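By written order: A, B, C and D. Residues from 1 in each chain.
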Amino acid sequence: MGKESLDAKEAVEMMKHVASVIIESEPILTDADRNLGDGDHGLGMERGMNAVINKLAESEAHEVSDVFKMTGMAMMSSMGGASGALFGTLFRNGGKALEGEEKFDSKGLHSFLESANDGVKSRGGAVPGDKTMIDALEPASIRAGEVSELPLCESIKIVALSANEGKNNSKEMVATMGRAKTLGEKSVGHPDAGACSVAIIIQAMSDFINT
Amino acid sequence: MGKESLDAKEAVEMMKHVASVIIESEPILTDADRNLGDGDHGLGMERGMNAVINKLAESEAHEVSDVFKMTGMAMMSSMGGASGALFGTLFRNGGKALEGEEKFDSKGLHSFLESANDGVKSRGGAVPGDKTMIDALEPASIRAGEVSELPLCESIKIVALSANEGKNNSKEMVATMGRAKTLGEKSVGHPDAGACSVAIIIQAMSDFINT
Amino acid sequence: MKKLINDPLKVADELLDGLVEAYDGDCKKVGVRSIVKTEIPSNKVSLLIGGGAGHEPIYHGLVGTNLADGAACGDIFAAPPPDIVLEATEAVNTGNGVLYLYGNYAGDVMNFDIGAELSSDDGIDVKTVLITDDVCSAPHESKDNRRGIAGLVIIVKIAGAASQTADNLEELERIAKMAVLHTRSVGVSMSPGSIPATGKPTFDIDEELIGLGMGIHGEPGVSEIPMTTADDLTPKMLDLIFEDFENDSDIECLSEGDEILLLVNSLGATTMMECLICLRRAKMYLKDKGVVVYDTIVGPFVTCQEMSGISFSITKLNDELKQYWDLPCESVCYTKL
Amino acid sequence: MKKLINDPLKVADELLDGLVEAYDGDCKKVGVRSIVKTEIPSNKVSLLIGGGAGHEPIYHGLVGTNLADGAACGDIFAAPPPDIVLEATEAVNTGNGVLYLYGNYAGDVMNFDIGAELSSDDGIDVKTVLITDDVCSAPHESKDNRRGIAGLVIIVKIAGAASQTADNLEELERIAKMAVLHTRSVGVSMSPGSIPATGKPTFDIDEELIGLGMGIHGEPGVSEIPMTTADDLTPKMLDLIFEDFENDSDIECLSEGDEILLLVNSLGATTMMECLICLRRAKMYLKDKGVVVYDTIVGPFVTCQEMSGISFSITKLNDELKQYWDLPCESVCYTKL
């Protein structure tokens, strides 16, 4: 049965599930970055998610915000690269927006994504259409605002679809940021690697919440 | 019709023919040296024979001995490597043995090969059975002594067969000299590259003399 | 691809250990993945470099005598995380400020910036100069967006020398910026490197093509051109550098009598033989232009695993840069008497 | 194999021209294919090295300050012809004699010997020391038959330093022989290089095998072993060097407290990353043995086109060798502060 909200312990389980899905998806992410970047995104995300699993096993999270902040810290410290800073920022900023909250629910999902999106935008300077992870994150964040009255197990499904759609839309974009920018028109036709990661993460959250 | 002897001018033509045959044989010689050495024997011989062609075109040979000495000098100066020194020595020493002779005949062939063989042996220190060019050169030299009463066009055919047989016998030998020596038993089964060159050279001489 | 490694996921850590060993005590490992000189004079403005691993002997190999004081090292092709930047900053800091000098890649900029924020929380004065020598990675109007490639060897050498005598952080920053402004590079690649952990090539390229202007991870350049000879390619590449000096109003163009440094870099698989053959043609080109080569540097300094390719870097010298260039230096990557 | 060359038959000549250019006036080309220092002190015993091309940056890249005075250069993998040896000998000779120092290969020995005969016809005093550091190429009882491999970098460095102060040719010969006796190497290869003119690989090897003890042209070694990790292979290779010192009664074995030089050489395609990872393991091994590494040298010095592989060289130091090692030197191949 789908959940309407998660407490800190459940959020930990969710993030462990997310981590394992990303680790499994390494080859997909590697290929995505090979097409447009330097081919290391999958390994970086795998490294980050292994660190997340260790971190969540070692230290106890008292609040849901801690779970996401710890996730962000673990990714930022272990990954390096553009995505280490950006996914670290995503989870740290997202987590900060939940400080004081006991549960992670649909409203929390919206605050999380909005703050995560702002953080990534100000850290990386990208805007929607630049063919980055923002192109999955921003539509997800907006959609989360629109569906925040639904129970979490429903809203997260819809938000995951948006992220995935955003990732698919990134295929048609011309890269202007990161390593892919010099590809110009040649970058069209492939989805952005970071956007793939965002879509997979939110889908994995949704799958966890709905089982 | 086969010739009974060559004058200096004919000897020049013969060496040009030998040179062109060796140049054509570059791939065979390269492969032979790849099996047992560093794979550059064909190129070295090609370089040497191109230098021979140039040298013989530039300078005039008054005696048959000059033709062979010039051949040796050109090879020694242009090739480098083991075979530059050795084939240079072969032709220089062989040529020295003909000093004062007006014609190159069956007796001359014997003197040439005997002196060439001595020179190569003392320069390189190899003895028959070491799987080197000596294993083609020495039997040819001995056979030339045995058939020195025949007309050149006949003796050279027989001598060429000996050189070829010597080259074939080198297949079964274990290398103890040059780059191939560390191969030990593994060198068995392939003919020596330098022996291939010797056999091709004498066969080309025979073909020229017999047309 | 047979590689002499152990666990493919640990190559960055193990190569750093090896690098520290190569210094025979002149450098030490600090924290998770930084390398720092054993002795840093207490009155010195510090120079910190860094970047992803896999490009050996840079970046971390440029720590040394009259070179960088330390390097923050990332994993293969990945910028170092902020924690590592912080630990390296703390280790090189003498209280006189730290200049960050590294290649302009999004990942490096973000991570070093966060590292700088953390460092200034600790009261350490940090300034940043980005290396942007790759003329093919952005037009001259937006040259601050360019990538850093092999020219970094010259730039770090000059900044390292300047850091020995700079009175303050601003002075070192000024000289590092001058070295960047005066240094331009153009690279090509013929075949990709691979990532040790996946064994996958970082890009694909046709057997008959050369990537003109490609970056040191195989980032696309200006165009793909048919494979050609050293003598045909070299002037094409140098033309791009000369044109760039010409078009950029921030610096005078390269003209007769100018003194330059010339660096020919191999990306790894390209042999020293090929570098020397290209160098031969480059010197003809430069003689034609009347430009005087003050010093020539040639070798595999900035590599990308078994990637093949070559780059030319030219630094237009002035008296100040020349004086810093002249100082001897020693490191695993580059040593000069 | 995309190579940045011009006429494949002219690579040896063109790379030499490039090498001369890399010296920016410190060296010049002499005759057909020799490179010689521009200034050689008139009272000096001269040091001449040489060998085939295709192994850049050696041999000709070891001409330089406190290194060799000149080099006689052959074509790809071919010893220089006697005429070239002669022209180089004449160019370096100051009247105080010339030491020939080169790798022990049949072709080199014959051509240098003829060159020496021609030189002594010209009244030049010549002595020869052969470099024979490759322990896998012959048993220690016949160590004079061994090949010269990467240890030559150390040996030439020491002889170059000694040639600055040697009173006569015999003295330089003595020190060069001492450097050879004290230096031992073991190499491996995983994949072949190719000859530029034919594009053909110089040997074949299974995808799963390593050639243990292979020479720098791919000459067979002691055995083919399964491909393995850096940490497994490194001790196996070092064992062979230690055993050789132990078995050879002409030199004391390597024991606790001994000071050594350690050279890790890449044959070309093996990355600096791999060299550093192997170096890391080598240092562990040496620490275990209690042997003290006085100086570590790592990089692609003795290569064979795109051949992959690595070698370790160890020089057992004594006071005399150490003093010569300490002298700074500069060249395209190796520079030390």
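Methods note: a residue touches a chain if its C-beta (ideal position, glycine included) is under 8 Å from a C-beta of that chain, and two chains touch if they have at least 3 such contacts.
On a predicted model such as this, the values are computed, not experimentally measured, just so you know.
Colleague: On the document's contact criterion, could you list the chains that touch chain B and likewise touch chain C?
Modeller: Common contact partners of chain B and chain C, which must touch each of the two, are D.
Colleague: In the chain contact graph, what is the shortest path length, in steps, from chain A to chain B?
Modeller: So the least number of steps between the two chains is 3.
Colleague: Using mean C-alpha positions as chain centres, tell me how far chain C is from chain D in Å, no decimals.
Modeller: Going by mean C-alpha positions, chain C sits 29 Å from chain D.
Colleague: Between chain A and chain D, what's the gap in Å when you average each chain's C-alpha atoms?
Modeller: Centre-to-centre distance between chain A and chain D: 54 Å.
Colleague: Distance-wise, how many Å sit between the C-alpha centres of chain B and chain D, to the nearest whole number?
Modeller: 33
Colleague: What parts of chain A, by residue number, touch at least two of the other chains?
Modeller: If we look for residues of chain A contacting two or more partner chains, we find none.
Colleague: Touching pairs of chains, which are they?
Modeller: Listed in label order, the chain pairs in contact are A-C, B-D, C-D.
Colleague: Which residues of chain D touch chain B in their complex?
Modeller: So the residues of chain D in touch with chain B come to 9, 52, 74-84, 105-107, 110-111, 114, 137-138, 195, 197-198, 200-203, 215, 217-221.
Colleague: Could you list, by residue number, the parts of chain B that touch chain D in their complex?
Modeller: Counting only chain B, the residues touching chain D are 30, 34, 37-40, 42-44, 47, 76-86, 88, 123-124, 177-179, 182-184, 186.
Colleague: Given the complex with chain D, which residues does chain C contribute to the contact?
Modeller: Chain C reaches chain D through residues 2-6, 11, 14-19, 21-24, 53-54, 56-57, 61, 65, 190-191, 196, 207, 210, 227, 229-231, 233, 268-280, 283, 293-296, 298-300, 303, 305-306, 308, 310, 328-330, 332, 335-337.
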